[in-house]
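Below is a structure I'd like to ask you about.
Chain IDs A, B, C and D follow the sequence of writing; residue 1 opens each chain.
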């Protein structure tokens, strides 16, 4: 039985990764999960310099999900390269570093720096709804998507995965723009912009007013977008948005994702990733699937 | 070692208006420390985030929690009965630094639903303990606290002890201390921090913030800190991991 | 205590309506709910001719919500005017008729016909994701929104409420376009396009492949959009998307909605509407709110 | 009058692999008819839609349901115990037209989890009843059915009765009838419809489709019908309201 998948030439032992920002750089969750069992660890977004993030409260629970406006707090690329990459290198898993920035230059700086590091993939977050500049602004305009993708491609030595925002009229337009810019793969979806109001205190539940909706609630939107994109471009897709169970992960794979990321589910089940790795194997065995490639995009 | 597991309810009792005392059998009880907390998960899948609740008492294989119904999650917990199972993650956070207070004159100050962690703290701490508990009106845990130190009570409505807050109780009773451990609502902690600064005594406070992971990974639960934090080097300490107990001068309140 | 609200000159006894398509024309739910207690009844979308709708399965449950692809099955405007309007006229509630079509001409025909009827408001569905032509195609393009709005305004004698799609990059653009076209109010949100895959049968869960996601899961997206639109246009807003409780309804009102519609919640609680009417009164009393206007858009 | 209410569990029993028999106390039991169904709601808020389950038996203040665990919702129900409360909506749909079969020779045909509604139907129907029950392998409700008519069994694996399906059982036993009432999987209903056409006897079948409202308002649960439907005049009858029982020639199968 083969569960290996190929993302832009990088071979993962299995298609299960974690979603950026929900797993730190793996250290905290390594108390619960054997990181060697994951297809890849995807790190929290890292910028050229440390970012303090947004004021608190940064999160609020919603029905079947949560909204977050962490605001990409991160230690900056220096500390990250010194501390987090060496930590992850001790494991038999692939490393995908998530990159954020406010300007094209910011992104370029981080990508240039990472080009020299022993990491496997870069995921470019052009879709964070929680920062004023950069982030989503890039991800909602196909010209901007193409431009930044091609800038980063010039600098990266590893494959570049563009992470798309669901807050758009037509996700395939953004996917095609990333493809045109030379992207090696696509990650989708990032969070959907949402808001919660505390009716008793008559204030916004998160200090940033809006936040990104994630968790099981958004899964149908994510599956739809993965399906649409899989039928619009040739790039490998890393699917995410509400994955908590084996069935969830399989939905994305059947819709066309080559790999999947588990995000918010880590918060309510720190063992979710490894359970899904095992669950996919069981499903393949039960359904006599020799190679996971048979499942990718199998529902048309 | 932190663990997520199915805890078994040993017993649950309503000990005040909307206040419940819950004993849970958990495998990690022995490693727990006073001032730490655990995350409890709802059975209703529409609520995906954990509810952090402080540890009120520790036994060999069991933890006691005392909580107030604050919303749908704690309301769900209040229906648990002996034998029921519930998912928990623990033990989390650092706990009170008992070694800083050992043998000294210490205030253990709890306000409202911040009182429960003071019980195990009082039980484990070998020191000259003055427990100051601030209630709105109705008392809970008072007898058990009294058994573990000299108890001073403040009530907002003056129905018992000093009328006012925990600091009013200190003043009315002319109390003093070398160290403070405190847990309660932010305005109370802010006032205690000011008092500690004025008296020039070290003071540790237990902080609250909305949490997602509970283990330091998601950066939801930060508070501003004087020192750069270990994680992001940006003066944002994580309450779930670097805290919930902080030296009061170390954080913004 | 005043719970009356004003939508484009139409005074509702209270701000609670039902969401089109979840309540039929009221007859079925009148076994559970006293229709006199509702601010308005909003009917299922009606077209110029009968529509058979989509093949089954038409719905699938999702985490905290559902997807539907009913495909706007309806008896056409003739039967509707003969049967459904007279039924509703017997109640002391306002009537808002939801209108759908495939072409601008279809919409015009229905609106012209309704202009002569004794109804209070028209809600124009330019946002249904479940029909091939018309529907959402109109609602994702600001020029089309403006054009169809002004065409319908010429014909309607009642106020025209344009119902917006959340499947857009910037909902305020659509809102402004509707305002420019002369709309008297806005309804938002319609469903978010989603997909569910049955991993055991390896097929789509609804025959139409995609469907519209509704229910509590989508509430944060809806509240966010209502807030954005309330701060971008002057029109009264009817807010909807996942409302199931009094707190949910108040979130929309505090975000800027003048009235709210209860949709999917009717399916799991047929009494939801009247419970919310009562709940809003209780909230106002507890918080010493004399007039519900004080709450509309009160969180800024 | 349809009602949504909190039903109280009188008892629940596992009567086969993944098959449960549940007695519920409901206020609307007396008005219920065989072939009708009720909607049951999950307690877990992540599941918002009702689960339609046929009425298996009717008593003065109680209904019996027999269901198979098919997913998370029915799994949730299987944990219900006496005294628990659960939200239900009922009674829904039309039921079997007993008057069409009264005094006649009638087949009551149930396949798999379509067998339960045949029990109350058999109990109320005064006719010459041949009950034909098709199982995969394991039997359930067989004794109770037998007490209410002559029972013929088919099993897919031949472990009991006729090896094959319900039509095989009819042929093997040389049975005939004037009227058919049937409930079961679509392929079985399709075959029964063909058989009835061939024999030129009227046949009523109970249909299934995913439901949201359960009362005819949302148009989720339609099936194609020969006659125009009352609601939209487009040959789409609503299973929840116009059915679930239809004359087989009246609908597409």
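We take it that a contact is a pair of C-beta atoms (placed from the backbone, for glycine too) under 8 Å apart; a residue touches a chain by one contact, two chains touch by 3 or more.
Source: prediction; values computed, not measured.
**Q** From chain B, how many touching-chain steps at minimum until you land on chain C?
**A** Minimal hop count between chain B and chain C: 1.
**Q** Which chains lie in contact with each of chain A and chain B?
**A** C, D
**Q** Taking each chain's centre as the mean position of its Cα atoms, how many Å separate chain B from chain D?
**A** 55
**Q** On a C-alpha centroid basis, what's the spacing between chain C and chain D, in Å?
**A** Result: the chain centres lie 35 Å from each other.
**Q** Express in whole angstrom the distance between the two chain centres, defined as the mean CA positions of chain A and chain C.
**A** One centre to the other, that is 34 Å.
**Q** Report the inter-chain centroid distance for chain A and chain D in whole angstrom, where each centroid is the mean of the CA atoms.
**A** Chain A and chain D have C-alpha centres separated by 46 Å.
**Q** Going by the contact rule already set, what residues in chain B reach two or more other chains?
**A** In chain B, 45-47 touch at least two other chains.
**Q** Could you pull out the residues of chain A that touch at least 2 other chains?
**A** If we look for residues of chain A contacting two or more partner chains, we find 63-65, 216.
**Q** Is the chain-to-chain touch network here best called a line, a ring, a star, complete, or other?
**A** Shape = complete; every chain linked to every other.
**Q** Give every residue of chain A touching chain D within the complex, in rising order.
**A** By the definition above, chain A touches chain D via 63-64, 216.
**Q** Would you mind writing out the residues of chain A in touch with chain B in their complex?
**A** So the residues of chain A touching chain B come out as 21-24, 28-29, 31-32, 44, 50-53, 56-61, 63-66, 68, 70, 73-76, 79, 215-216, 264, 266-271.
**Q** For chain A, which residues count as touching chain C in their complex?
**A** Counting only chain A, the residues touching chain C are 62-65, 67, 140, 167-170, 192-197, 199, 202-204, 209-211, 213, 216-221, 223-224, 227, 242, 247, 250-251, 254-255, 283, 298-299.
**Q** Applying the document's contact rule, which stretches of chain D touch chain C when the two form their complex?
**A** 1-2, 4, 41, 45-50, 89, 209-223, 231-236, 241
**Q** Applying the document's contact rule, which stretches of chain B touch chain D when the two form their complex?
**A** The contact residues of chain B facing chain D are 43-47.
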